[in-house]
Every structure is written in C-alpha cells, then in structure tokens.
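The letters A, B, C and D name the chains in turn, as written, and every chain counts its residues from 1.
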Amino acid sequence: MSTKKGILERLREGPVIGDGGFVFALEKRGYVKAGPWTPEATVEHPEAVRQLHREFLRAGSDVMQALTFYASDDKLENRGNEAQTKYTGHSINQAACDIAKEVAAEGGALVAGGICQTPSYLSGLGKAVVQSEFRKQVQVFVENKVDFLVCEYFEHVEEIEWAIEVCKERSLPVASTMCIGPEGDLHGVSAGDCAVRMAKAGADIVGINCHFDPATVLKAIRLMKEGLVKNGLTNVFLMTQPLAYWTPDCNKQGFIDLPEFPFALEPRICSRWDIQKYAREAYEIGVRYIGGCCGFEPYHIRAIAEELAPERGRLPVGSEKHDPWGEGLKMHTKPWVRARARRDYWENIKPASGRPHCAACSEPSSWGVTAGDTDLKQGRAATSDEELRQLFKR
Amino acid sequence: MSTKKGILERLREGPVIGDGGFVFALEKRGYVKAGPWTPEATVEHPEAVRQLHREFLRAGSDVMQALTFYASDDKLENRGNEAQTKYTGHSINQAACDIAKEVAAEGGALVAGGICQTPSYLSGLGKAVVQSEFRKQVQVFVENKVDFLVCEYFEHVEEIEWAIEVCKERSLPVASTMCIGPEGDLHGVSAGDCAVRMAKAGADIVGINCHFDPATVLKAIRLMKEGLVKNGLTNVFLMTQPLAYWTPDCNKQGFIDLPEFPFALEPRICSRWDIQKYAREAYEIGVRYIGGCCGFEPYHIRAIAEELAPERGRLPVGSEKHDPWGEGLKMHTKPWVRARARRDYWENIKPASGRPHCAACSEPSSWGVTAGDTDLKQGRAATSDEELRQLFKR
Amino acid sequence: MSTKKGILERLREGPVIGDGGFVFALEKRGYVKAGPWTPEATVEHPEAVRQLHREFLRAGSDVMQALTFYASDDKLENRGNEAQTKYTGHSINQAACDIAKEVAAEGGALVAGGICQTPSYLSGLGKAVVQSEFRKQVQVFVENKVDFLVCEYFEHVEEIEWAIEVCKERSLPVASTMCIGPEGDLHGVSAGDCAVRMAKAGADIVGINCHFDPATVLKAIRLMKEGLVKNGLTNVFLMTQPLAYWTPDCNKQGFIDLPEFPFALEPRICSRWDIQKYAREAYEIGVRYIGGCCGFEPYHIRAIAEELAPERGRLPVGSEKHDPWGEGLKMHTKPWVRARARRDYWENIKPASGRPHCAACSEPSSWGVTAGDTDLKQGRAATSDEELRQLFKR
Amino acid sequence: MSTKKGILERLREGPVIGDGGFVFALEKRGYVKAGPWTPEATVEHPEAVRQLHREFLRAGSDVMQALTFYASDDKLENRGNEAQTKYTGHSINQAACDIAKEVAAEGGALVAGGICQTPSYLSGLGKAVVQSEFRKQVQVFVENKVDFLVCEYFEHVEEIEWAIEVCKERSLPVASTMCIGPEGDLHGVSAGDCAVRMAKAGADIVGINCHFDPATVLKAIRLMKEGLVKNGLTNVFLMTQPLAYWTPDCNKQGFIDLPEFPFALEPRICSRWDIQKYAREAYEIGVRYIGGCCGFEPYHIRAIAEELAPERGRLPVGSEKHDPWGEGLKMHTKPWVRARARRDYWENIKPASGRPHCAACSEPSSWGVTAGDTDLKQGRAATSDEELRQLFKR
C-alpha cells in the first residue's frame, strides 16, 4: 500500500469517487437492523460486508471506508442496544478495517476510518467524554494504517470540531462532513460558518453527507464554498455524500423527520440519471470528493463514475454491464423498448410513482427539539412501554 | 438432499416462500446488463450470485431457483448478444445449478431449474424449434437432480403449453407461471383459460409471475382460480411471484410498456409493508407458493416470511435484524422516530414520492404489436443505427 | 317562436350545443344550497338565474333548459327541505319556464323542460306515485309551450322508462339521459341495454349526463352506441352532458361517492382545453347533442362552441372576448406569457395541482347500497342527530 | 351615503371584508379577455358587472371596488389593444363607478376606486408620465365621491410610492397593496421595506394583493408587519387580497410565471375550506382588511365572512344558502353523503386532483427580466408574427 497516491494527491489530480450507503444497503440485504444500524455486521457477517465493498469498488469507488458507523462504545450500549453484550467496540472496528483493507487491495483503493456523532454529546456529557469515545476508534484506525480519517454525520459543528481535534492528534489527512442542509447546523450556525470552522479546526476536506437529497446538498455546499472563499480558506477540498432519496419537503433536520423514515422511503429513491446529474453539478461547483450516503447502491456510484469518465479518463469495471444512457436496450426484444436506447430519453424522463393515492410531499415531524433538550437525553436503558405510549400520543 | 420433503408435499403442509428478482437485483449490484439480462453472471461472478442466493435463503426463501433466466441458446445469441461468443449455454446453466445447489444445502431449501419464453417463438419458428431450446436447458437441470422444474415468464399460453410438455417428459413436478394480468395473454386468451390450459398440460402448480404489481397479480390469480374451479381442476396449487413495483397504469403488456422501464422504476418500488399486505391477501385467496419477481430484494422476501410466520410456525433467520412493524426504532436517538415503532403507523403509511414535478401515473407505450407482427421478429444481428433512428421517431 | 327550427331538425343539420351546470354554478354564486340544490332560486332570485342563462346563450348554447332540477314536489319536501313551506312546486317550475323563455328569445335558442329521478322511486313507492310526480312537472312545461322535454339524471333505467312514458303522453320530442358510466345502471343493466331501453320507450335522443368526467362519459356513450347499432336503433340521436370534473377514480356511482363531493372538487375542474378535446371526440363518435352538467361554467360551453365552429359555421358571441388557443396573450406585458399564445402550448399542457400534499386519486365511499336498500328510504323528516352520529361513525 | 362609517372607522371596529377577483370571474363568464383583461366590460356589459358586484355584496363584501383594473389610458392602447379605438378611458372608469355605487347602496357597502401599475413605468417613461396616468383615473374617482382610494397590483415599490403620492393630493383614505411575496419587490426591496415605504408615502392601509396563494401572502404580510413594527409604524392597517389559486411552486414573480397561467389554473383553485383557514390566520396575524383577488368567486368571499362571523357578529346574506361546514348535506339522499355533514370532515380533507398524469408542482418560467430590461418595453403596436416566432422558440 506504500506506493499508492494519497487522498490529497488524488484530489489535486481530479475527482475522487466515494462509496455508497452501507447501513441502508445491508439493512435491505438482511444484515443490519434499522435504528441502531448495528455495525457488528463486520464481525457477524463479514462476507456480506465484503461483497458490498467489492460492488462499490467495481462501481468505481476510490475509497473503501471501513464500516464503523455508530461503532463508538457509547452508541453500542445506548437505549437497550445488545451489541455490547456480545462484542467489544474494538473488535467491531478491527473487523471493519480488515475487510476494507482486503477489498481496497484488490483495486488500488484507499482505506478510510470514520467517526460520527455520539450519544454522549447529545446527552451533554462534555468535551472530555466525547473526545475519549472518538479517540478509541481513531486508535484502531491508526493501528491499521488507514490512509485517512473521516469525521462524518455531525449535526452540531461544535462536536465535529472536537472530532477533528482528536484526528489531528495523528498525522493523517482528515475529511470532515456534517449532515446539514442550507439552513445550517441544529444550533443555528450557518452552513458557511460550519465550513469555515471545520477548516480552521484542521480538516483538509470539508463538506456534507447524509440527511438531504443531492440537490439540497449542492445548495448547501455552495453556501459552504462561499463561506470558505470569503475567509480565504481556499486550500481545503470540497466533499459531498448526499442521500439517494429525494427530500424536497424536509426541514432543517433532514430525512429523519420525514414520516417515511426509515421504512417507507422507496418512492424517493433516486434513479441513476438523477445521480449523473448530481455528479456533473457537484463537479462544476468544484466538489472533488464525490460520493453518496444512505440509499446509494452500487449502481448509483457507477453513475457518478460514468458521468465523470471524461475527467477521470476511464470507466469503472462495472460498466461492462452498463452501456451509457440505456444503450444496452438496443438488444431488447420489443421495438418500443429499443426506442428508449438513447440519452435524451433517459435524461428527460420524469418517472411516475405508480402511487395515485399518495401525495408528492410529506409534512416533516418538526418536533423542534435539539441537543440540550431533555427529550434528547440518551441512556443505556431501553425505552419503556410507558415512555413509548407517551411518544405514540404525540 | 434425498430426505428433503418435495415441493408438492411442502405445499400441502402450508405456504412455501419463493425467492426474489435476481436479474434486477444483480443489475443494480453491477453484474447483469439490462436488456439481455446476461445470465452468464453465473460463470463470470459466481460469488455475487451466491451472495444473493444466501440473502434470499436468510430472508426465508424455501426455494433456490437457479439463475437460468434468458439462458436458452437462441436468446444468448439474439440481437448482437455477445454471451454466446464467450460461453456455451450449457456452461451457464450448469454454473447456475452449482450455485443454487450449494446454497440450498446450507438451509434445507429446494432447488428448481427454470425455462422461459424464447425469441424463437416470437419469430414464429414453430413448436419443434422452440421445444428443442427448452429441452437443452431441462437436460442440464435433470442431470443436476433439481427438485422441480419451473416454466415462467410466458406471454402466450401456447408457448407455455409447449414448455410444460417438454418438462413432463421427465418425472419432476412442474410449476408454471405466465407474465399476464387480468386481461389475459397477448393473444387474447383469458386468465382463467390460461390457468386451465396450463393445468391440463400437466402443470402441478400454476400461476403468475412478473409484469404486474402485487395487487394486479392477485386480481388475475382470482380469475385463474375461478377458471380452475369451474373446470374442476382444484388439485393444482396456485403460485404468485409479482413485481415489487407498483403498476396501476399498465396495459395488458405490463411494466415493459411503462416509459420508466427498466431504468427509472425507482419511485414504484414497493415498501416492506406493501409486501406484507400482498402476502396476507395471497394466502387468503389460497395461493400457496408465494414469492416475488423483478424488484424483490431480500427484505421483501423477509416481509412475506414475517407476515406468514404464524402459518409457518417460524420466523426467517434474517428477522434477527428486523423487529416486527418497525419496533427496532425503539432504540432510535430521536423521540419522534421512536414514536414510529408501532404497527398502525407503518400499516397505514401513504409514502410521498418526494417528486413534486412528477406525475402519479404514466401512459404505457401501447404500440399494440404481439407475436406474429414483423416488428417482433428476432435475429442474431444487432439493431442497426438506421433501424434505431426509425424507432426513435415513433 | 313558431318559426324556429325544432330540436330534431337542428340535430339532423349538425351539432347542437347544450348548456352547463346551473346548480353548481349558482351554488358558488350564492343562490342555491348544496344537497337539496334548491330550485326555488327561480322564484327567489330570478335575476341571478337569468344572468347565468344569458352567459350560456352568449357562450353558444342552443338550448335554454329551464332550471327545474330536483323541483318535483316529493323532492321539495324531502328530508327537512323547507322549500315546500314557502313555495308551491308549480310556482318554481313556472318561474323557471318564464326565465328560460325570456332568455331563449334573445338568441333564437330552444326551450326545454326537464324531469329527473325522484325520492319516491328510491323509497320504492311504485310506478303510479312516481309517474304522478313527473306528470305535474310536465304539465307546466306543456302549458308553457317548451320546445322539447328532457328526462335526465336517472340512475335506474326502470325509472327513466317511466319518465319517458309520461313525456310521450304529449307530442313533444323527448331527450333522455342517465347518470351512468361504462358499468351501467345501479341495478346492473349495461350501458348498451340502457340505451336500447330508452330508445324503445320512445326517446328521440338518448345518452348520458352528470356523475362522470368527459372521458368516462364518452367511454360509456360508445357502449350505448354499440347497443343501439346491434339492435338496429340507429334513428335516435346521441347526447352527452358530462361533469366538468375529472373522475378517473370513481366507481359505478360516480362523483357522489368521491370524498370531495360536493365541497372540495376544485382540483378536478376541467380546463377549457380539456373541454375542447371532449367536444371533438364526442362529435367524432357521432354525438350530436353536446353539452355539460355540474361544473360546466360558461367558458366551458364556449370551448365546445369554438371547437365545433367549423362544423357549425360560426363562433359564439362570447368569443369576442376569447381568441382561439390563447392567442389573446399576444397582448400580454411579459414576453414569456406572450410565448404561450399558441395552440401546441395549451393543447399539450399538463396542469399541476399546486397541492404537493394531496394525492392524485381518491378512494370512493363504496358503501354499495342501491335503490331498495333500507338505507336509501327517503322521507319528509330531517335526519336526526342520532342518525347523523351513526352515519359519522361508518 | 353621507352617514356611512368610513373605511378607517370600520377597520378600527373590526375586520372589513374585501371583494373577489372581477377580471378572472368575468373572463369565465365571457365578458373579459385574458391578457388585456378588458375593463371596457363596464361599458359593454354593465349588467354582468353589476351581477358580480351583487354576488360579492351578498357574500359579505363590505367594499365595492369599481372595476377599473388596467383602465389607465396607456394600458388601454398598449400592444394592439383595441379598447381605445372604441371607448375613452374616462368613460370606462365612469361606468365602473356608476355600477359600484349602485350596488353599494343596496347594502351599505363602501365604494373604492383603484389604480394599478402602468406600462409607462415598465417602459421607463419616468415619474411625470406615470403620475399623469394615475391622476386621470383618480380625478374620475373623486368626482364620483368614492369613499377611499386603492393603489394595488404594483411589482415595484417605487411606482406605488408615486401612486400614493398622487392619491394623497386628495383628502381620501388610501389603501396600498403590492403583488409581491416573501422575496420582496422585483427590484430586490424586501417585503418589510416595501411596507415601510408605503406607510411613509402616506398609505393608511398597506399590504399585498394577487400573485400568490393565501399561505404565501400571509408569510409575506408577517414580514411586512415586522418591518412596520421595527419602524414604529403601527398606526397603519394591514390588508391582504391573495389569489384563490395554490402557488407553492412560484418564484418571486408569482403566478404569472407558472406555465398554467392564465388558462389552466383550474387544479389550483382553493376550496372554501382553504379560504376559511386563510381568513382565520389573517385575522390572527392582525390583518383587518381581508379579501381576495384573482380566482376568488363569491363563495370564497362568503367563506371569509362565515369564518369571521363571531368577530363581526353576523353572517352574510348569502349564508342562507350555505350551512356551516357542510351541514346542508344532512338533507342529501345518500347516507354516505350525509355522513360528510360535519366540520372535521371538511376541515381535514386533502382533495385529490383526479389528474394522475399531472404533477403536483410546475417549474416557473423564470426568464428573470424585470423593469428596465428591453424585453419589457411596452408599446402601442401589436406583437408581430416574427416577434412571436422568436418568443415561441425561447
């Protein structure tokens, strides 16, 4: 791995393609539970995690990010989560690194280790406790000689600053993305200020992941870029890993608040053509690390790699099973399907939902509570039936 | 495998759960090309096919159907398909059997080999030619000692009668499903008459697969059942393997004619709750072989197995990562998401599409050509650019 | 009025244009109450009724149909209706004739008197009682020398046969339309058979009014035409007066069963372009009496008259304020609005609803009760609070 | 008329109800042409204008605003408008006053004369020319002793300041509303600043009319109120007269830019329940002059009057034909329709569009040209065919 070009060098040369959404994909495949998004899949079913890594690699991903989402010790024991009774946090993170390294080696990809927001922060336990959670995970990543570190999925800029600080204790490049939209973080810090604070905290790459659809994320990354430019911070790279779900009806909190989250989001899934458009627009804005988050399946990542093939000078391996713009349909039996084997057909399609009794948009939950509210205090205990009854009434 | 109960014995005891849609799932994972739906994946990427089989097994499938769809020799060389230049049809079918048998053995599942409609029939080459295509595939299945044979995805009852006839040359049980809706086959034979003719041709199990959504397929299976009852053919079992895409706007030809086929069907994907409803209704109608076709991912099959757990006396292995009716959300950080951890919430949800600029329904292509029309003549040659230009204009 | 050409002569010469929906239009103007659709407006506010007649005349209507809908004596005293305590049925019908005659004379239009289905029939009071109700209204029409009689808005073919029989006691031409769709009358008589029975009962003009949108009504009139042709009854004229509301989601009972009836139908209102399309298709099918029912405003009738201007050799007076296909927009201030001053723009527009939280289709009520059910027994008494409470629960 | 309470006195006592949209209603009735919105209807068809005034009066309007919209001399001769060749601007404005006064006298309503934005301003002809246009209309109003003056439908705050200045040359109260949304005027002045500038220019009543739906207008009036409060201008009254069309998809320019304007807006029409909600929210915000603009029919105005009946101590005359919250349906024949005779049914209905092939939202035209752009220069000449061809291409 020693002769591989590093992430910053690659970003200087051209667009780098991220991977897709592990926990949502593995939930549909049967290996991860929605809610705690059980990262112990790396220990329990390494073959399933490995297969998904390979599919993203084949689709064009330049980075294998170890599946360590929600794998901090405080998360593994939160709200009745049984993971901790069976596995150590260390073993889960180690297994994730093993798999990521194995697959990355098959295709010259980089390996990244990631940390994300903690229940400890939400419960107001303070900087020392929170950073101690981060430090345990980062230690595993460094031992495994990952190529760079990722701080991702933070709703509060204060917490991601703490995370970047921990990462900067090591000598690896740091990518840093918040799950925010154009309205900024949940404490009211604007998107532009969030970007500036992440850059000032030491992140080499800053941006946005999760919570919003590609269009909304690009709207927010524009604000981040403006903020950086105004502050002369033009040496950091921009990164976006949005949802592959349409969320035009979201409020500040993103798709978590949609009534369809997480078990009825299907009608919102982006098509490959939606993703090609996203890839092009992201590139034109100046984003250089372009990937996806929840909902991104291998074919969505392939769509990014195909759209940016001119810039990258190559197609992904997986395109051997995917002709550009539907041209594989030339081989279809029915002539009217062959008539769809062309770019302007797919580029302009407005897909119907097939759901005439459903609306186009939802009303988000909008309970309006953020970190600091009692309602958001976390704990080891499972939610009691009485507590649930109270919640069901609201 | 000798002591396993056979398919007919299992059907007599209670509902049998089929598997999901291989070619659509593998297309999204990067191993199959849309259009020819390249079954050579079994040779090229056995690990990807094997993994998908395992996911369906884990989700509750009682049958591993070898991935032999569109693997007849005449299809492998149709319209510029390059498969035949690299592989023999025999090797593709053999590899499919190998994988299916391997995974079936891991969980006591049955193995089935399937045949489907041919370009030869569409081009009017006659019974002898068509049956010779079928016979080559069936020979591989019998050599591999599959547990039963499946004739599926036929638009014309005449062709499936020929297929059943070939299968009946062997001593295995035969399941037989057409891709038709309530309007019947493409030559105008009613759904009821199709069922009767399949049963009279010797099928032990008759029904419908592909082309229509669960609700439409159940409407059609009711008509099949009526036809069978009227003709005293009550000894055959009923089987449904619908799409996991909503198709209320389809005409007789099914989802092929929708403008979104095959690359923009995302907004139509069924939720797990839609599928639970389908499983219950299918069972109540009397369907005993209940599975899925294109669009069915492992979590959809799991939804069938969970809905029918009372009848089957067990949950699938995969339910260890899926609490019933969203109850896993009890562990979620946000209280308003925990408030969704209940049956009546998910049972009644009408998911929004998040696409305010798209309609609910599409106009199907409706070119109105069926087997016998010149437009449907098939051939080895790729479609020429001039032919495509003509098609694009229509 | 003696030298005017009669309705049958006019129909032989070319298309005759009916009028629009009085009770819905007057409800929105403030003169009619939804539910009983209070025809006493003719006595209480003759100026409002007269103005609406004039608008339809100006829009191109060839017929002024006196506003006598639901003006049978048994209806005027049904379910707590207070009309009868203030007016005689005779005076309401007489006032309606006075107004219709006055306006018709201003533009050479014909005058028609109409009767419709009765609470007496619904309550099973028998032929003699029902016909006696009809006879009272017809007597007023004949005294007023109307040009022809209309039986309209019948859900059961048996009752309209009784109505035609009463009309045939006089020497006037009779038009006869049921409020049914392609599924036929509420007792299961097919649309084709309904047409045949109306023709055999003596109607000179047969067809459909109300309850369904233009597309559905045209589907049903095709079935009526087929029935008539099969029975050699080709000497009757066809007539359609559909809703100006889209109802693709209706069951057999029509728009009454839609949850939006009658106070939230707005998103379903047809555009003028929808109506032009209807007029053209109706004419091509062979319908010669083309008008509208509930929801038809003067501009909808004008759209019929404009579409059929080539056949009629003239535009309606009202077109002085309406250039064809939006060409009046040439005078608009904004250039992008002037860019809409052309036929292909308006002919192909798919208007958005501006309601992203509402669905495209509704589920009809589908209580499934028809004449003969106890639930449909009518009576003088207002519905009691207890009865309402029971209804609200269902 | 001398003893009537004036508009300011009435506003101090409680909510005053405006009237609805004359030009859109009369266009549908056949007396006004879309585009130039021909105010000469007052001369050509006074009976039609009078009838509509009466309907609004009956529905609860406290003000009869003379139909003088787009009746400035420069508008009457713009872009091929033929009005000027037949009528003088003076005669049109005089006829409008005659009718308004006649009907107002029938119900104790006030009479208002209104002026609106001019082609002269759009063409950059300067303050003196523009004010001279205003002065001619105001002169007629004063001669006719109207109760107050209205400046309405201005997109640029600069022009409405000029209009208010002209009105203030007389001693009448002045109401002043711009057709802007939350994004402010077309030159980028915020809604709050627009309100402040109107108040400082001397308007007694300030607010918004036309261009946006009730929800959007209320969002903007909140901003106006904030601006006024911040500047200590709390002595002016607030006024809203929104569209009765839903416009969630509009940009800054409002409904003009929607592809459906003006001939396919039907699916966007507000229900009476939508309007009741608007009336309540407007009142709670502190708006005291509550009316409607384009799309408001008499039944919409009645909905305002019914919702505010508790505050006003009376129902409008027109409510004799409208029981609250659908209770008139108690008299309906069908029991499932009687089941809708209750508030919670209509208050919560989400009406379907019946248009499964249409989207929920549109893309506005967004040409992005505003006053000052050459494209917006106005002139006497009709748009030439060549100019139209150029427009059609864009």
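Here, a contact is a pair of C-beta atoms (placed from the backbone, for glycine too) under 8 Å apart; a residue touches a chain by one contact, two chains touch by 3 or more.
Keep in mind the model is a prediction, meaning the values are calculated, not measured.
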item	value
Intersection of the contact lists for chain B and chain D	A, C
Selected interface, A-C versus B-C, where C-beta contact pairs are more numerous	A-C
Gap in Å, rounded to a whole number, between the CA centres of chain C and chain B	48
Length of the line joining the C-alpha centres of chain A and chain B, rounded to whole Å	33
For chain A paired with chain C, centre-to-centre distance based on mean C-alpha positions, whole Å	58
Set of chain C residues in contact with two or more other chains	249, 350, 352, 355-362
Complex contact set, residues of chain B against chain D	249, 355-363
Residues of chain C defined as touching chain B within the complex	350, 352, 356, 359-361
Residue numbers on chain C that touch chain D, as the complex places them	27-36, 38, 47-48, 51, 55, 58-59, 78-81, 119, 122, 213, 245-249, 256-273, 297-299, 302, 318, 321-323, 326, 328-342, 346, 349-362, 365, 367, 369, 375-376, 378, 382-383, 388, 391-392, 394
